[in-house]
Structures are given as structure tokens and as C-alpha cells.
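Heads up, the next two complexes both have chain A, just with different partners, chain B and then chain C.
Then we have the complex of A and B:
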């Protein structure tokens, strides 16, 4: 069973450079945001899988819950800021 | 035994959808299409993997917290995607159409 968790962990780690490429390459600032948001939601999953592999699932689920909350609040703050910044943001 | 097979299927399905979102993040020409692809496939992939992890645990505290996390991500990820797309639209980012001379494709 842990082999499956390890394989899923490796698959998600293999996906990270894709979103880093999008965050680095993205022409507009919003492409960068969507890339980082993709990384953040993957890292929630990464934390849960690490917990499943190491056995301390309880602790890691709380970590990923906290991280998910922070990610949403961060997205809201960035969205509100860029919305008011107007067309210069592009 | 059935639970193991089912959770394995769920986890592989979730990983498949996460790779779909990665492909969508690169292949699609414009911010709005990428946001459309990422918003949906991220949530579904995360949901499937979390359910795949919660199934073998049965009725316990961990599986309860996993389901809570799944419900939270089911609400939070599309909201975050919506926040970015609305901010992009309101700050004047024009969607990519056939007439656009140089699509931001790379």
C-alpha cells in the first residue's frame, strides 16, 4: 500500500516543474498566479501523502488543512489587490 | 481486499487528472483557458486522491479529517480560481480570440 503512496508522491513531485515553468514563463502576472496556485494545491496533496507514507497521517492532515486555508486567504488578498490595481497589472 | 483495489483505482484516477491539469497549464494559449483547465482538474484530482487515501482507514478520526479536507478543497479551489479570473478580467486582460495577432502561446 505504501508503494502506491510513494508512486503518487513521485508523480506529484514530477508535476511541480510544469507549474514552475508556467509561473516563470507566464506572460501576464495572472499566469504566474495560476501557476503558483497550481503548486499550492498540489503541495496540500503532497503533505497528505507524506503523512500517509510516514504513518503520522493525523499530524500531516492538520498541516495540509492549515495550508489550504492560508492558500485561499492568500488568493483572495492577491485577487483583491490586483483587481484594484487596474490595467497596469497586465 | 476490495478496499485496497478501490483506493488504488481512486489514487491513480486522481493522479491522471492532476497530469491533465499540468498538460492544460502548458498547452493552452491564454490565461483564461489555462485557468479554466486548472480550476476544475485540480479540484477533481485532489478529491479523488483524498478519497483514495480515506477509504482504507474506514470510520476513524483520520478518514473524517481527510473528508473534511476534501470538502474544504472542493469549496476553496474553484473559489481561488474564480478570484484570479475575475481579477484578470476586471484589470483589463482581453481573452484570446482568432483575431488576436500574437496569442500569448509559448
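Then we have the complex of A and C:
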């Protein structure tokens, strides 16, 4: 575990509450969507970093690839819902 | 280091759970619940449970968030408490009763790591001894799911896939009728 690992882990962990605040508080629905999306992409980064730190790179990279696919499909599905709903700004 | 990471993730899980209950409208509650599931999934991955983590990410963060949105599209998107005043008391009573039932039942469970408990005394030892030799997979749970029980998993996947196709067909039929 190098200083780079530690600094990257700390930065990513510090970003989670920011996105969570935006997802919970965000005035419009798009803020919430972007907050959730940010949490999803940061969790991909966190998993890859944990893999690099612990040495189990194979398992964590597989997991993060799956999360990446899921993230895309989930965001598309929510966007589809918002499109059909007319996306009232609230 | 990993312990600190676990604690941070647990705090985030707790914060998102509290936020999901306290946010005013149900759309944001669905979003925050998705975040909750992502934190849970990272925690499972940290604990080495790859399959649980994957299921949590797919079902918890993906599918159930989508189902919440589909349900919210059919109903109204803000919670309205009916006007009976005993409702919080009833909820508190039910929560306490459920927690009490769990505590009562958990007294009958075997201790964690007990070598003589039924789950630890039949097949587990064989799996743990032979998995790496026979399947070359470091994660024993993954090896059991996709190697020893490969046909079981394959047919489960086929069942879930056909259920999803059937759901999509039914929704498509309703859509055509209204359009």
C-alpha cells in the first residue's frame, strides 16, 4: 500500500458523501440521477483500487466490469422512465 | 486499513438508510435506496462475497430501483400518511415485535464458526479442501455456484430469463392496447 493508494482511497471515500447529499437533497430529479450515477462510478473506482491494494485484482476487476455494465443499463432505464413520465422538474 | 474502509462504508450505509426514510418525496427515496444498495454491494465485495455483491448490485441497485420507478409512474410520487394517529405506534410495535422474534429465534442458531454445526459438518469441509484442486477457482462460493452446481445455476438463469421475457411481453401487450 503506497501513499498514492491511500490518497486515492481517501479522495474517493470523501466523494461518496457529496454524491449522497446530492442524491438525497438535489432539487431536481436530474441532480438525484447524477448523484446516484456518481456513486455507482465511484464504487467502480473504489473496487478497482481495493483490488490493487489487496492484490486480488482478478475478482475485483470482474466485479467492477459488471458494475460498469449495470450502471449503464440502470441509467438508461431510469432515463427511459423519466422520458415517458415527462420529467417534471421537482 | 480494510477495517477503516469497512467502518466508513457502514457509516455511509447508515446515513443513506436514514436519508431514504427522511427524504420528503418517494422518487428521491428510491434514488437514495439505490445508493444504499451500492454501498452494501461494495461492502459485500470487500468481505469477499463476490456473488452476493453482484446480486446486491443487480437486484438492489438496478432492478428494484427500476421497479420503484415503474410503481411510482403508476401512482403518485409523494408519501401521504393516512390520518389515523396510532400509525407510528403500530409501526413501532411491529418493529419491536419483529426484532424480538429475530432475537428469540437466533438463540437457537449454532454459534458463528462452530465446527459441529450442521452447515459445517457435512459437505463444507470437502468443498473447502477440494475446491482449489478440482476447479482452480480461489473463491469457494463461486466455485460451488458455477462449477459444482453449474446445471442448477444454468437452469435458474434460464428460468429468470424466460420470466423476464414473459414480463416484457405482457407489458408490451398492455402498451399496445392503450396506445
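As a working rule, the second predicted complex is superposed on the first by the 83 of 90 C-alpha atoms of A that agree within 3 Å, B and C clash if a C-alpha of one lies under 4 Å from a C-alpha of the other, contacts with A are read in each partner's own complex, and residues count from 1 in each chain.
In this text, a contact is a pair of C-beta atoms (placed from the backbone, for glycine too) under 8 Å apart; a residue touches a chain by one contact, two chains touch by 3 or more.
For clarity, every value in this text was computed on a predicted model and none was experimentally measured.
J.: Go through the superposed model and pick first if A:34 touches only chain B, second if only chain C, both, or neither.
T.: A:34 sits against chain B, while chain C stays out of touch.
J.: Can A:9 be said to touch chain B (first), chain C (second), both, or neither?
T.: Touch status of A:9: second partner only.
J.: Between chain B and chain C, whom does A:50 touch in the aligned arrangement: first, second, both, or neither?
T.: The second partner, chain C, only.
J.: Report the partner of chain A that touches more of its residues: chain B or chain C.
T.: B
J.: Looking at the overlay, what does A:66 touch: chain B (first), chain C (second), both, or neither?
T.: second
J.: Per the contact definition in the header, classify A:79: touching chain B only (first), chain C only (second), both, or neither.
T.: Touch status of A:79: first partner only.
J.: Classify the contacts of A:1 with the two partner chains as first (chain B alone), second (chain C alone), both, or neither.
T.: Touch partners of A:1: chain B and chain C.
J.: In the superposed arrangement, what residues of chain A touch both chain B and chain C?
T.: Touching chain B and chain C on chain A: residues 1, 19, 26, 33, 35, 62, 78, 85, 90.
J.: Across the complex, what residues on chain A touch chain B?
T.: Residues 1, 4-5, 8, 11-12, 15, 18-19, 21-22, 25-28, 30-31, 33-35, 37-38, 41-42, 44-45, 48-49, 52, 57-58, 61-62, 64-65, 68-69, 71-72, 75-76, 78-80, 82-83, 85-87, 89-90.
J.: Spell out the residues on chain A that touch chain C in their complex, using ranges where they run on.
T.: 1, 6, 9, 13, 16-17, 19-20, 23-24, 26, 29, 32-33, 35-36, 39-40, 43, 46-47, 50, 53-54, 59-60, 62-63, 66-67, 70, 73-74, 77-78, 81, 84-85, 90
J.: Which of the residues in chain C come into contact with chain A in the complex?
T.: Checking each residue of chain C against chain A gives 1-2, 5, 8, 12, 15-16, 19-20, 23, 25, 27-28, 31-32, 34-35, 38-39, 41-42, 45-46, 50, 53-54, 57-58, 61-62, 65-66, 69-70, 73, 138-139.
J.: Mind pulling up the chain B residues that touch chain A in the complex?
T.: 4, 7-8, 11, 14-15, 18-19, 21-22, 25-26, 31, 34-35, 38, 42-43, 45-46, 49-50, 53, 56-57, 61-62, 65-66, 68-69, 72-73, 76-77, 79-81, 83-84, 86-88, 90-93, 104, 106
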